[in-house]
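To start, the structure itself, in structure tokens.
Chain nomenclature is as follows: A, B, C and D, assigned in order of appearance, with residue numbering initiated at 1 for each chain independently.
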């Protein structure tokens, strides 16, 4: 369905060429200072036409707030918002009507609904993500103001061009020696900001790699083709305690959210797939005492989550985006009636989605964390009112003082 | 929380050392022939003590059905079931009480709840997955009887030892030439069965690789260490139309379910992360007419899902499992009070979880598909009762005959 | 929260004086012919200014469809819609700002959110029901087209003036003799239509009673006061099998929906509170064979629901609406600061809400039934694919033919 | 389905004659002292065989806690519990197998599921409520410890014998003079305790009325018949701010919960149906300053809820229970095959359910309030972390100090 969340709930509507796209955001904490500009900033990072690496369609995507806010402050009631579709040209793609476009959703929508929108990607269009980006901007503002949470996503690969993330092992046995991720990359995770990310149109914060990525995208564009890539996202200052065992572990919620973004094919958290290749003795994150006396971990191969619950370290993960299915290059494929033919898309499209995917990844991350935070706040607040536990051994119980304050708060 | 699903709902309870673990499965279709044996088969594949590659703990894990079934037939009402915990020894792990175990959930549970179980993994224990495996066996039986759906998972890597899945490109440019997955691997996906998977204790269906994996696991065991791996799962004969745009795309639901399994770090579907490296012209799955006149795709880099909706091709995906955090090897780490010390686990544990994870991956897959199927059945049945659509161009509408029959049925 | 439903989901937004009110309706079956006019008809029955019995505010409440529909046919994707608020005068009520209005939500919104809309009823305003009426009109169209379901609500009392529903017992013992509802009233339930309901501005289909009600409302209006009343609703041709034991019995869902309408204070189904006064031997609905061979019930004190599941008989229930809290008459009450004072509302208001509540009751009924129907369709479709049950005694199983067809379809 | 709640979630399983009935309670705050005895007390008030007014079946209904609790303290993880069915005699009712019992769920279960339990009420049996009573006892313990909430239900009518709740108006015009509920009854609401309720087997706290009720029940029993009644419930010390506009108003949640109890036919809150008969000037609850400086209301016709949100006054409501459908008296009714015949139940049954319904009403009330409280705690905690609102007029904002403390805490 089109709703995400338990306490922070986002519901979106809209196809690629209908009157508007929009969302209702329910459960935003009351008393949050919020303006249209807070939302517009991220919408602008998502919209097409930002550089010659993206589709030349130029849509302003101006958000119109309808409810839930008065004099710039949220009321706690649902925030309705919509963005007019300026591009309502249903016939732009019309010559392709006899073909289900390969690796698009034309065929599956017809199988599912028995009917599909006349043109464009319908509900599977990237325009649907506008509502999510708007909702994410609201979530993010709360997270930043209340907990100083920082969410930064960036492009970590385009095609075979990767940020230098790993040091290849030269050991024959291999697995004993290599770390899943290089120190250089871990430093990047600690320091990267949206401002450094936006310094290059690829949204890769490593200048040399960014330039190579740009050339790769241009090569795809010139070939009337497309190319995939990955986006990495890091979350700093996240309070510990978020994520609900069993089914709603924090990494499970993030994976769900990321794979709900169009064109995604994979998700890995912390050490991810590379972490499967090293022994436990190397992969375990030993505890150390931090300067403030609290516990932290020496390494962070866990990606800030243990047992499905955030531990206060940085959460970081990587998302795979396939090459866009819409290409101008001719393709041999069957029509709905089974006859084989040649299809060439005429519509404008992105040769690579990852630069524009960055704010979408940030938005879905913010939505997930906001919802998980609200759920945990309830538990912490509820537990803080109970009488002290005096009958259990101390290793089973958090010190009473911390319980009363409620860590998540 | 501890509930998964919209129409097929699974709720589990139980810690590692409490009286029992169990589940309530709600929404099972009425009239399904179901016995305890149907469930026990998969529980037996999950339980410890199956071979020298797994923990020597030997628990029978015998399921006891409580409700929702009469004379071997489901009533459509909730199926309550539980499995006694034979190993209720709370002091087995007691010497570790002063330490939060590295990369375990001890620390985060305490942060989240302010209290934790006295010993063992509590709710993060792998024993919690017993309820899921039981629920999955029920889902699977329906899927098989009603739609001939086949779900087979197998071990695709242990440490750096991988099934031969890809052919490395020798082309310098690289991305134009290589396919994300080799033909040999794709053949395996089409033919692998649980019976072939179970022929080797590693549950890898490729004998030579299996043997190397076994040696790798034994090496980890002998080193008082552990090692990670990956499980690949394929679903055959899945009806098209499953998966709910926007937030509940089928791959998003699968990613959520997989990352909810303890020790998982990643998920990729179809071409996955490798698919990000090839151009769209190579990645797109062209449509072809099948022998029965319907449309299929020539390749299947999409992994059987397009736009979040199943297309009738095989669904396949890969899940990353980290090396088990419990190792006998001594680790330097801090106690709860911040003091550094040396911790060595005495408890019995698996040096590698992937062989036993196979039935868990299958179970979570079955649960996800069952729920998605029930949701889609409702839509198909509802649409089938409406008057024919006569006013739209034919490319927007599935032929009336197909609409009436309801594809998913 | 602001979302209702499992498979047919309605989410609304909007305060009384914000830019617009609206809704997203998710899960509407694809292929349904739907126009703005289908929705506008019920919005017009709800809007103020219809007669001299309602508030003189005259708002057009014109619905604008945004998505989910193309060329007059639903796509199965979310239907976004909104209605501009013409009356955005935030200062109309401003003199009352120092007072929490008695029996309004001013005080409780402030307690709940720590902030409230500057004026008007905010989210508790009756304007919020616009989105529900729109959603209900969509649900109703499906129910009518696919199952010939008829939903008719009408005013059954205003103050102490009641439709003649019961025959008072003259028997001294009392309870043995009287029926909970008179034959005349049961006849009305079988025959009443929206057209007969709309013949009188009170929406009471009994002309003499309607006229007395009208006088009662005018008396309240002239006294700068208000008066309550009840609305009765009947649903005809509802398929059997709707409603989900245990927590989501059909009557529980209806009660929830009705008590979610502003100003409601009670709900009773079938014989209701009067049914508590008669013996079981009189209250039980004996089964009889209908002309088509199927089973029906001789009486229908159950109100069409047994064990929480619809039985194919008419569903009918009654909803209590309190007298509107907004009155022009002066009231002695405390200000926010605790000081006592005199408050007299200046705003325009309805002296009695029940005439305008009729389409709201119908809408919430349609939404509940639609959602319950979609859930049951899934079960019926799923069960229909299973092999015949041959091992159970025939009294435990519905004949196979009926199972295969799926009764709800 | 069989799950209730958003953050405090209760899932039950079990038919009347299966191996056990049970529940999983998820979301209980961690750190709550909880023993089996806390639960057993309410189970004992619900179980059959308590007096000669109830069924002579004598089942111990001893609860067995499985998980989520260690050394008498909750862990915050799901609490699994079950109660063995001692009465597993599937043939007790067997002679009735050819008949769908009038006003029972036999017929509708068969319509819904295509199959039904061989005997007894299956899932519609009152035994299903055992899991709810257990869950309610847990919720109640938290509410009492953390907020001193008191929940007391009692029998307010049996047949036509009512507690003296109202003073009949002698005024000809009627509605101007009468109050919906008498002062005597309102005093009862303020003072009634479980101990006074349990002093009489009818659970009516008004001795003379209780005795008349008892005679009425005995008369029904002697006549092989049954009789209905009502239960009234009052909640004292409930924090303000509970209940979620729009769809989940607190009264809507309560109505839902009450109508989900078997045999219920109606619900009214505060003034209820009688409140529809008085003018707004009389019905409005004027605000007054309480001794502690806070605001309260002079009257409480609202029943402690305004705009769907609790206001800190007592919440009270009344629930209608029909006469039990199972009677020994012969009934003329049709068999499944349509043939008319005579049916007389042999099984043991309650002539009147209201005495045993009292703890069930209390339990469902506690479950609803607990869930609503947890949702509101999250909002209050989230809002308390935001910077002060300085730009809005004071009548829109709760004083900052109250915001920071979070009223619900």
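Simple rule for what comes next: a contact is a pair of C-beta atoms (placed from the backbone, for glycine too) under 8 Å apart; a residue touches a chain by one contact, two chains touch by 3 or more.
For reference, the UniProt names are A, B, C, D = Chorismate synthase.
Quick caveat, the model's predicted, so the values are computed rather than measured.
Minimum number of contact steps separating subunit B (Chorismate synthase) from subunit D (Chorismate synthase): 1. Listed here as common contacts of subunit C (Chorismate synthase) and subunit D (Chorismate synthase): A, B.
Comparing mean CA positions across the assembly, the chain most remote from subunit A (Chorismate synthase) is D. Separation between the centroids of subunit B (Chorismate synthase) and subunit C (Chorismate synthase), computed from CA atoms only, is 43 Å. Centroid to centroid, with C-alpha atoms defining each point, subunit A (Chorismate synthase) and subunit C (Chorismate synthase) lie 40 Å apart. Distance from the subunit A (Chorismate synthase) centre to the subunit B (Chorismate synthase) centre is 23 Å, each centre being the mean of its Cα atoms.
The set of subunit A (Chorismate synthase) residues that touch two or more partner chains comprises 1-3, 12, 27, 30-31, 70-71, 73, 76-77, 112-118, 123, 245, 379-380, 383, 389, 392, 396-397, 403. Across the interface of their complex, subunit C (Chorismate synthase) is touched by residues 1-3, 9, 11-15, 18-22, 24, 26-27, 30-31, 64-68, 70-71, 73-80, 82, 112-118, 122-123 of subunit A (Chorismate synthase). Contact residues of subunit A (Chorismate synthase) toward subunit D (Chorismate synthase) in the complex are 6-7, 27, 29-33, 70-73, 76-77, 142, 145-147, 245, 373-375, 377-387, 389, 391-392, 396-397, 403, 406, 408-409.
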